[in-house]
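Chain lettering (A, B and C) follows the sequence in which the chains are written, and residue indices restart at 1 in each chain.
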Amino acid sequence: MNEIRRWVVPLGWLALLLATTFGMGQLEGLFRWIEADSRQVIYARADFVTLLGRHLLVVSVAAVLAIMLGVGAAIAATRDWGRDFLPLVSQLASIGQTFPPVAVLALAVPVLGFGTLPIIVALLLYGLLPIVRNTLAGLEGIDPGVMEAARGMGMSGGQILRQVELPLAAPVILAGIRTSVTINIATAAIGATVGASNLGDPIISGIVNGNTAYVVQGALLIGLLAISVDSLFSRLPLAGSR
Amino acid sequence: MRPEGRGPNVVLLSLTLVALAAWLGLDSVSVAANRIVSGTGYRVDEVIGAGGALATSLPWLALAGLAWQPARRHLLLALALVVLMLSALPGWLALSAVFLVDGAQARLGIGAGIWVVLFLLLLVMIELRSRLALTRLLGWALLLPPVLSMGFCLARWLEPLALWQEYRGRSGQFLGAVGEHLLLVGVAVGTSLVLGVLLALAMRRWPGVQKMGFGVLNFLQTIPSIALFGLLLAPLAWLSANVDWLSALGVSGIGWAPALLALVGYSLLPMVRNTFVALEAVDPGVIDAARGMGMSRSQVFRQVRLPLALPVILEGIRITTVQAIGLTAVAALIGAGGLGTFIFQGLGQAAMDMVLLGALPILLLALLVDALLGALTDILRPGGAE
Amino acid sequence: MIELIHVTKRFGAAVAVDDISLSVARGELCVLVGTSGCGKSTTLRMINRLIEHSEGEIHIDDQQIRAFREETLRRRMGYAIQSTGLFPHWTVARNIGLVPRLLKWPTARIQARVEELMALLGLSMEEFSGKYPHQLSGGQAQRVGVARALAADPDILLMDEPFGALDPITRESLQDELCELQSRLHKTIVFVTHDMDEALRLADHLVVMHQGRIVQQGRPLELLREPADGFVESLLGGEDRGLKEAALLPVSQRMLPLGPRLLARERIGQHASLREALSVMLWRHAERLTVVDDDDMPVGELSLRRLVGARSDE
């Protein structure tokens, strides 16, 4: 029963997101009121379901890659054989935090061309850093006594990583992934300026054509998506934090 | 960590070898007939022949050799070598220009190889700086020779460099954009600092404000930045049409007004959060002692709580400023000016050099501000106390 | 002189301190002891109004504490706490000079006072005055904390488990130093601790608290001999009470004048405690000790029988 109740809020947001996506047309009256002067008030160049799908796809691909790379790099840098790389990796993570996503995106375009690829790369780079930083913090923050005990009990390096380090660091790592994904859901919208088609499209088109209704539609869906995902994350069972 | 001088420095060695591979394997420069067409890439050996390419790999091998036996003396030598190599990169560009570029319209582009090598060399410098425990200031001073060399080469031989041509074509506009960018960031951060501190103080006094304040600010952050800029278009346009003194001030649906509003809105959350957390996190024992000694409330705040919270508040200012530098770039979409203008114009015209002209300075600005405010935080942390 | 008259403190519905009355005479070291949550810290903090009492009256030198401004009241009292509460952004010297500065003493006087206090607490001026708190060991930091509490030469000193976080050896040496300081300065001290050995060692006046009430108060020996109830008895160490009592009594109290017998080989100083004497006997397998004065001259003797003897002998 409690298990079900826990998921009520995120599922509620998700339902609201889907309802808005499919039923945007029904809200025409509302948007007519916002944007009384325009002939057309519902963004029609692509349907919202497709845009939402592409948006999700781009963010998920970037997130999966960022998690694999980021967690992998942080684990490698905290093993005995990789510890030499630790200062560099952590400095890189903190420097990378200062790179503005627009600049990263803009720099990716000359190399990768227009379309979906540069936005995935930009999101990957931008999303990598919170994950690396948090994984490092989580792994380095484990009570040395616990590690000492694990070694003393005769656990192998792999066993310590899987049974002790990762479970203990999981809440911090998950928090990093959560930050990374929520930021990227919003950042992905900028991709519309380099020709990636996603929920940023209505926004850009609204700005260009002076149609606030379009902007609201894009912003509404991105906001709902961000809130749904964020609330899903907040309900994930975090080993060790209970 | 291995003791110095025993076994190779793996980090240095791998960075060097990867950089060498990038240097030889990736396109080093590109040449385009004019501004719009995409260029043809050239590897190092295609510029100066296989023998020349082999010769250019010598310093890399020397670097790898020094990394193999990382005694302090060797690492210092390696650092000198890296500074030298960084300073030589503009020279390499000049050489390529002489070999490859002919025709007044033709432009020399910087290829992926050079960008990767530049990035990796900077990583090598970071690694060496931390191994040799050099001060932050010295680290920055070491970047001076490469920068001077770049300036010198630009003035003498690098006229065909695409980025340089792009700059010279609109140098006045560029400097204006930098000014606008800095002004927007400065005003936005300044405003949000004042508002943020006031809000944080109010939150400490009234828990109700705290709950509501964080709720609203968190909500603001979920709206994508470009959407927030867009959403402000209509209300501000309406305001400027209906309120005379606002339109007299220059407020309108596009331009600086919505940009500034959105920037302040975004900046408030990190500012308030850091200020609030910083003030709350001061050790209760210290506050207890301060009050027990007979300090008045305002003395406790001014002499104890505020100075102890200052480093974390500065951290908030740093995060906010760096974030605002990036967001201001997006504000160009609604006509706020700034360096973002070049990015979006460049994307619109498919003129990649123009995109670079906007994106690179933004990146540099962000790094510079980050470093400066970081140094300031260090200075204001008395006695190195946490 | 500090007087608490029927003082009660409520936090909402919970009663933290329940109708306690207590009087600390001038120059007396009063120790409040009890388990955690018994209200001893709350009691201490009500005296300098860090916590306002709900009912009853608290007097300092026959004046209601509410007659003073809070800050004025606190500047009249020294305050030292377990976490030291040293300001991490100030040097040792500046920390010590805090209250004099609040009282707007002239700079030269503050400087002189800081030097005096550092000397008093055995902190070398040139080594420590410029250091920051995080550069100090626990014992040094606590010394600075005590120096800071003494800075404006207050009559009253409030100490909340000041030695609680220190290792046993440092703690004991600081306890000795506090006794020594007190014998010279004669402050009125209220000292909170949960450590009964510390309490017995320091107290002129021992107050045992439990669940917000004072269960017993008096001189340490009185409590040891006649604990009011099982709680006080167990707090005082149950079966160990004999040793704790012996630790409070000097050898000179039980020794007999030198008799016609040969001097015993093992010796003990006349200021040592009976507990130490017993330990020497156990260790040396000796039933008699020769008691000597500070110049190592025999002044009496102590036998095992006398040591464990009936109380009427005193």
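Here is the rule we use: contacts are C-beta pairs under 8 Å (C-beta built on N, C-alpha and C of every residue); 3 or more make two chains touch, one makes a residue touch a chain.
The shown structure was predicted, so the numbers you read here are calculated from the model rather than taken from an experiment.
Because contacts link the chains only in sequence, without closing, their graph is best described as a line. Most remote chain with respect to chain B, judged by CA-atom centres, is C.
Centroids of chain A and chain C (each the mean of its C-alpha atoms) stand 59 Å apart. As a whole-number value, the distance joining the C-alpha centres of chain A and chain B reads 22 Å. Against chain C, in their complex, chain B makes its touches with residues 283, 285-296, 299, 304, 307-308, 382-386. The touching residues of chain C, when paired with chain B in their complex, are 45, 48, 50, 70-76, 79, 81-91, 98-99, 102, 131-135, 145, 148, 158.
Residue ranges on chain B touching chain A, taken from their complex, read 1-2, 9-11, 112, 123, 126-127, 130, 221-231, 233-234, 253, 322-323, 325-327, 329-330, 333-334, 340, 343-344, 346-347, 352, 355-356, 358-360, 362-363, 366-367, 370.
Chain contact summary for the complex, chain A toward chain B: residues 34-35, 83-85, 87-88, 91-92, 95, 97-103, 106-107, 109-111, 182, 185-187, 189-190, 192-194, 200, 203-204, 206-207, 210, 212, 215-216, 218-219, 222-223, 226-227, 230.
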